[in-house]
Amino acid sequence: MYISETILEVRYYETDLMGIVHHSNYIRYFECGRSDALANLGLPIHEIEKLGIMMPVVSVTCDYKLPAKLGDKLRIVSTVNELPKARMIIDTVIYNQEGNTVCAGSVTLGFIHVNNRRPTRAPSFIIDIFAKYYKEND
Amino acid sequence: MYISETILEVRYYETDLMGIVHHSNYIRYFECGRSDALANLGLPIHEIEKLGIMMPVVSVTCDYKLPAKLGDKLRIVSTVNELPKARMIIDTVIYNQEGNTVCAGSVTLGFIHVNNRRPTRAPSFIIDIFAKYYKEND
Amino acid sequence: MYISETILEVRYYETDLMGIVHHSNYIRYFECGRSDALANLGLPIHEIEKLGIMMPVVSVTCDYKLPAKLGDKLRIVSTVNELPKARMIIDTVIYNQEGNTVCAGSVTLGFIHVNNRRPTRAPSFIIDIFAKYYKEND
Amino acid sequence: MYISETILEVRYYETDLMGIVHHSNYIRYFECGRSDALANLGLPIHEIEKLGIMMPVVSVTCDYKLPAKLGDKLRIVSTVNELPKARMIIDTVIYNQEGNTVCAGSVTLGFIHVNNRRPTRAPSFIIDIFAKYYKEND
């Protein structure tokens, strides 16, 4: 299991006329969280793309529990429970500064070649880095 | 069952460096679709809010099938399969101009009072308008 | 002089906690307006890019007069006063449904080659199409 | 003169199909910069709004010099050259990690009362905090 944390402050333009963060922005926070998760492993996304691999989003789910507001400092916790193979699944929970859950969801990424946009399995340079976080029988 | 359609053209700023529409924007297209769905029933969201009701998003799911690109004209089909009670569920499918499915998902909305932000059931002015689209035993 | 008009409805996610359209979104509406301006001339931006030319933004100005709100139907009027040479300048005014000016600004675009990202002058396929809208001494 | 700095990393969704940060996002980075500028003075925007004052944007200008890319770490330098009176002007320059100027612009804010949305001059709680950064004859 690999876990990574990111702290983000709510930006004004991310709020809507309900006075809270617009629900679509949490999907973007999820992306910020997993970008950090990969960068913390030495795999920033722009470097992955230079190595010829893009990771498009295959599916997203998000359950909204408590609205985030301007002034909130959010903690995004990204967890990769299984070694990526054909897909990488990142479960993400966002907490506010009081420790309450703002929302929780899951994002599935695929792998494609940059040049021909054809799907592929997780490349070895990704698997190798993730492997140490998982038991052999995972 | 109530179905509504919206046509949207992809905007330049909605694309990302993969050269396709960023996945978070489909969640926003879903919102455009259901806004139209409600407006077509005589219930534009800004009028619903004037009547004291807000409809926050409770959950979202989206499966991505085929990327949308600049120049694409998308058809957003929003379906409310069941009469809204405590929640309103809008299933949404987005097709491109070739009729291929770009993505498909589901959004669940709650109902809250504008003044105290307390949850409530679907107000009668919404149920009454939707009722004619459903059989009695729905 | 070449003038083009676009009608856009305010989207919910474009509002902010002041209850009005966030100021950054008018810069995006400007882009929607000039995309239509070019498409109406038979030059949709994705086709221009296929012909090897990108048109990055060099500068933007915007004066905000009156906030747009959810439910507003905006009219974006894009005017190209001079034949594009090294640059293309698009003056844009956005009006609401009452005909009041929401904001007014100007965007200057450059021209670069897609392959090497080097600056260039307006290509002949753009000048030729624009030329008929300007007197010879423009 | 009051100067404040903010460091921001480019987010994936902020890029567009040119492979660079979409120009509208710098207008949003300006906002992040001035939000920090005010927060660093003990005036976070959500607190200013609780005190009854909103600060809508009156005008924006931005000159784009060099595109920012995914992986860039940007330094936003916000400068308030004059004591705010009827307006507050924030000049902003954004630099990349090599110290090159990405873009530079200016944002003028007004002051309005939250309750009636009427314009007002800068309230004393803002002037008092800013005053120490300016000579008497400013």
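Just so it is clear, A, B, C and D label the chains in written order, and each chain counts residues from 1 on its own.
Operating definition for what follows: contacts are C-beta pairs under 8 Å (C-beta built on N, C-alpha and C of every residue); 3 or more make two chains touch, one makes a residue touch a chain.
A quick note: this is a predicted structure, and the numbers were derived from the prediction, not measured.
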Relative to subunit D, chain with the most remote C-alpha centre: B
Pair with more cross-chain C-beta pairs in contact, given B-D and A-D: A-D
Centroid spacing, where centroids are CA-atom means, of subunit B and subunit D in whole angstrom: 34
Centre distance in Å when subunit A and subunit B are each reduced to the mean of their C-alpha atoms: 24
For subunit A paired with subunit D, centre-to-centre distance based on mean C-alpha positions, whole Å: 29
Sites on subunit B at which at least two other chains make contact: 12-13, 17, 20, 24, 28, 31, 49, 70
Residue numbers on subunit B that touch subunit D, as the complex places them: 12-13, 15-17, 19-20, 22, 24, 70
Residues of subunit D defined as touching subunit C within the complex: 17-18, 20, 23-25, 27-28, 31, 49, 54, 56-64, 67
Complex contact set, residues of subunit D against subunit A: 11-13, 28, 31-32, 35, 44-47, 49, 69-71
